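Okay, structure first, notes after.
As written, the chain order gives the labels A, B, C and D, with residue 1 at the start of each chain.
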Amino acid sequence: MINVALFGFGRIGQMHAENLNKHKEIKLLYVYEKSKQLSFKAKKLYNCKLEKNYKKVFRDKKVDIIFISSPTNTHIKFIEEGVKNKKTIFCEKPLDLNIKKIIKTFKKIKKIKTKIQIGFNRRYDPGHYNIKKDLERNKIGKLEKIIITSRDPAPPPASYLKSSGGILRDMMIHDFDLCRFYLGKDKITEIHAFTSSFEKLYAKIKDHELAVVTMKSKKGVICVITNARHCSFGYDQRIELFGKSGMLISGNKKVDSTELFNSKQSSTQKPFLNFFIDRYADAYNLQLKELISLYKNKTKPRSSFEDGYMALKLANAAYKSLRLKKTIKL
Amino acid sequence: MINVALFGFGRIGQMHAENLNKHKEIKLLYVYEKSKQLSFKAKKLYNCKLEKNYKKVFRDKKVDIIFISSPTNTHIKFIEEGVKNKKTIFCEKPLDLNIKKIIKTFKKIKKIKTKIQIGFNRRYDPGHYNIKKDLERNKIGKLEKIIITSRDPAPPPASYLKSSGGILRDMMIHDFDLCRFYLGKDKITEIHAFTSSFEKLYAKIKDHELAVVTMKSKKGVICVITNARHCSFGYDQRIELFGKSGMLISGNKKVDSTELFNSKQSSTQKPFLNFFIDRYADAYNLQLKELISLYKNKTKPRSSFEDGYMALKLANAAYKSLRLKKTIKL
Amino acid sequence: MINVALFGFGRIGQMHAENLNKHKEIKLLYVYEKSKQLSFKAKKLYNCKLEKNYKKVFRDKKVDIIFISSPTNTHIKFIEEGVKNKKTIFCEKPLDLNIKKIIKTFKKIKKIKTKIQIGFNRRYDPGHYNIKKDLERNKIGKLEKIIITSRDPAPPPASYLKSSGGILRDMMIHDFDLCRFYLGKDKITEIHAFTSSFEKLYAKIKDHELAVVTMKSKKGVICVITNARHCSFGYDQRIELFGKSGMLISGNKKVDSTELFNSKQSSTQKPFLNFFIDRYADAYNLQLKELISLYKNKTKPRSSFEDGYMALKLANAAYKSLRLKKTIKL
Amino acid sequence: MINVALFGFGRIGQMHAENLNKHKEIKLLYVYEKSKQLSFKAKKLYNCKLEKNYKKVFRDKKVDIIFISSPTNTHIKFIEEGVKNKKTIFCEKPLDLNIKKIIKTFKKIKKIKTKIQIGFNRRYDPGHYNIKKDLERNKIGKLEKIIITSRDPAPPPASYLKSSGGILRDMMIHDFDLCRFYLGKDKITEIHAFTSSFEKLYAKIKDHELAVVTMKSKKGVICVITNARHCSFGYDQRIELFGKSGMLISGNKKVDSTELFNSKQSSTQKPFLNFFIDRYADAYNLQLKELISLYKNKTKPRSSFEDGYMALKLANAAYKSLRLKKTIKL
């Protein structure tokens, strides 16, 4: 059995706990969570240890994997402990909102060759990944454009939004990462952002409801990312790769494959799978599978610490474009 | 200019008149129609001649093409006159409800090599025709099954239904013909029919609301035809060819290519093109184009007198199966 | 923990074992399998008991559920033992090829009110089930037609085919059952069958490669079932319900939701999920969930012994139609 | 009969001539074309008058409609003549590449209330127009985003490209106009552009192969336009309207509605209708219908001179953004 210590038992932490618990090779040994109520819930559900001194968890030699889904501002602290204690680490995105802290940690990670996987779950989605493979198999020739649509069905609570780092760091970070995923060795050199809000809440908490970012790579690939904090018709997740000789689309997944025809409409399909837990269920499983393989063997994770760092860099540049109303060079 | 004499100015005759009139090479010289009111309408719209003695129309040497869309029981009479006067002929389906009359006329037509095209418009539909070509190009290997769905949006008036010859002769005749079209040289050897009615009207007029016919060919191809006199969601027209190495579908055409997504449903498309005039507009034009080419050159029509005869033979066999509750051998 | 004794560890038995083993509430206590090799495989994989005398398994009071996926001709024997020992029972389809044996057992089951679920997995498929619910919600008005397409990607081994009972009892049994599922209280009264074979093997083993069965219900609903033992483009599973005011389709599931566009084609999708283990993975899980609930509570299974009996009756009638070349009354 | 004088008999002029000639109410009286060869072609095809002195054409009182599809730099000249002679005018896009000339002419047009329609054919496309109507019918709530994809199957000849005014004025002008069409009374206030080229030709002629423009309206609607001068999979024409309570898409039209399934792929559809003549055939007809109605009655054209002016203004602002690498305020 592989012993896992899970840090953070909030909304996403609970999802991870369930996935970890389902896996036959994994024992959820510790859950570290500040909220008493949530800690007890974890213990009740998974019969795991609760330890108040997090350093003890790291020092426990039985712990093989550190699984970090705690609040963003604690990520680096836990990663550093993990690095020190030579654990295999999983960390949710974003790594941190402070890029300097990230750079500092990055140096240590490179030096010690820490096994660390970042929570860019979309890289593991079979559809999103298959178009990457089809791109590499030259199905559409040279890549010329990447167009990503990502809309959440409904915004998270205002309390979360306030400390989220903003739509570009919290939500679009996935899409910045996906652009880098599809670009491979090519690099993003220019970026521009527009945002907009219709609900008044967003002005109050200095966030935005909608965001569109355009970018250009060194080789000339143009990227378009369009985000929304709400989407009446579900969790809209689409990627379009436009190439010299074709186009690949990774589209939405629906509740089932039924259709209704009546006098007013035809081919009506069921709504989209509503949110990330359902939509990316396969992705989370494949990500976990890779984490276990990362623990056991010398492999490179599909989603690395550097990816976490680079995505935040792009998010920051996008905010700079917003502020200066300029195309920003990277 | 090619001079056309149109026989019958009812619902379908009027559609043909409009198509004929639009065509630059064609002059609609005569319209022969029993109803005074409709005759005057034709004259007003197309400034054509009205002639009470139909034989005079046939004897007029200026007339190049005889276009027959009059009531079914007059078809053979007009065809015979056309044959006698060496005209190029178009005739709507079904040829007649009396197969003996058809056989008699067929002999003359073969002897004199009359240029005659039958109104199986679906053979000319680009989609339906393209899957025939794809079949011949071996895209799905050897043909094993033909499945045709054909449903009218709403039944014709009861008055028409009474003299229509019944759903199998009036409506399914198109689908019998399409099966023969896709089978090519292979022949249908066995047939079975089921019918059903939910509206009381059909029992009264001795017709049926729904019909399903299954057939088997000499080579073992199984055909399934499913018809309905009503279809709440429009004019449902689908063909499926199942082969050893693939499947071809010719599907429905919709009002436009827009889609609506909302909280209850996704990818909702517009209704089907509602009825034959819209759905088969392209087919009617291509059929007319072939008729002109048939007039000018020595070509074989895609839809021949023999096809009209054979389709009726299948319809009659289907009725026999209904009556005897048996698989009928042909 | 609920203790399960699994009978039969062949292809389908192994799939069930894996599903049973994944379930947290279930302990796979016994596997009963004639083949030594397979028995050892079962023991190795699941650390279950192997017992040569099957009666001992039934008498073991720790055993809660009898799970039967052994060869068809042993089903009734094991069911009878289960009934005697008051176990909750799951049994794969078909119940038996001898309808008299089934009727005899049926009487006992009704008398003792045995908890028994039959393996008509398709009733549990979310898509197939959702259209049933939509039908009941009156989304398409009164039901008028049921059209089922079911094609296996490739035939089972000839050895299996020989003792399978034939395409209508082995494969179409699922579709007979689904027709009954959608018809609800309405009953099938007439049936007709056509079969065909292109590969020579089928004539040798007295089976058929393709089959089309049409049926009519008391209320006038027409059912069309079309089966094939092979399908180059995967496991084709489609249901179409045609009603007075609309149509519902439960369609195929594909490998992922990506599309490719290039100069030769557009909107090309990935192949279908290849076979029942993948295509009906959700269905098997939901079926198992119901079985557990059946064990725990007084519930009615969605798929009952009577359903197993009635489906075989239809299959037998279809064979009679084939033999006599007649519409068979039920 | 309505007499039309057509100016310009190039690629697009020839298409218009054919459409004009097909229309029963229209007589193609004059074709004015500088190339002798093309002039003769026009005369041969349509038996129209050829007149070297264009002013004579305008003075001819029999001429009802001036139809301008000559080179862009002659548009304003011909419009001015039309205004002077009180003709009803159609003019292709773009109006001119010099915005000052346009403004000057605009004043005259407003003063004299000239009947003039601009060739933004996409406003007349049934799909594109139906989503506008559905938006107005509140099918998706308040509009929040407009996303337009427009890609030509292949670039025009280099000779044309050189004098086209560039991708943003020549090609994206349609999409600027469509954004304004859907925005209604709302106005675009900010704009940003990225362009890119992979083929060397574009650098030479100072044009671009790909362009992405983002814009923001006064009310906060974000617009994204993505263009390409080439598209291996045909003429890609898609519009997506994202609203508070839903999304509308006007999608591509395909050669036919057939699908191919085989062992490698499923649901493969035929390619897109290849180019504007086919894709927008309906739009051209509806536009012409409106022009005739504009001639006969006091109506407002769906596409006005002001629309032509405003679209160019946006194109110019986009070029400014490119040059200054800034978000441009309007």
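Everything below uses one rule, namely that a contact is a pair of C-beta atoms (placed from the backbone, for glycine too) under 8 Å apart; a residue touches a chain by one contact, two chains touch by 3 or more.
Keep in mind the model is a prediction, meaning the values are calculated, not measured.
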A student comparing B-D to B-C should find more C-beta pairs in contact for B-C
Farthest chain from chain C by C-alpha centroid distance is chain D
Rounded to the nearest Å, the gap between Cα centres of chain B and chain C is 41
Here the gap between chain A and chain B, centre to centre from mean Cα coordinates and rounded to Å, is 58
Where chain C touches two or more other chains at once, the residues are 140, 232-233, 245-247, 252, 260-263, 270
Chain D contacts chain B in the complex at 126-127, 130-131, 134, 139-140, 245-253, 255-263, 270
As the complex stands, chain B meets chain A at residues 232-234, 252, 254, 260-272
Listed in rising order, chain B residues that touch chain C in their complex are 140-142, 144-145, 147, 149, 151, 190, 192, 194, 196-198, 210, 212, 214-216, 220-222, 224, 226, 228, 230, 232-233, 236, 242-247, 321, 325-327
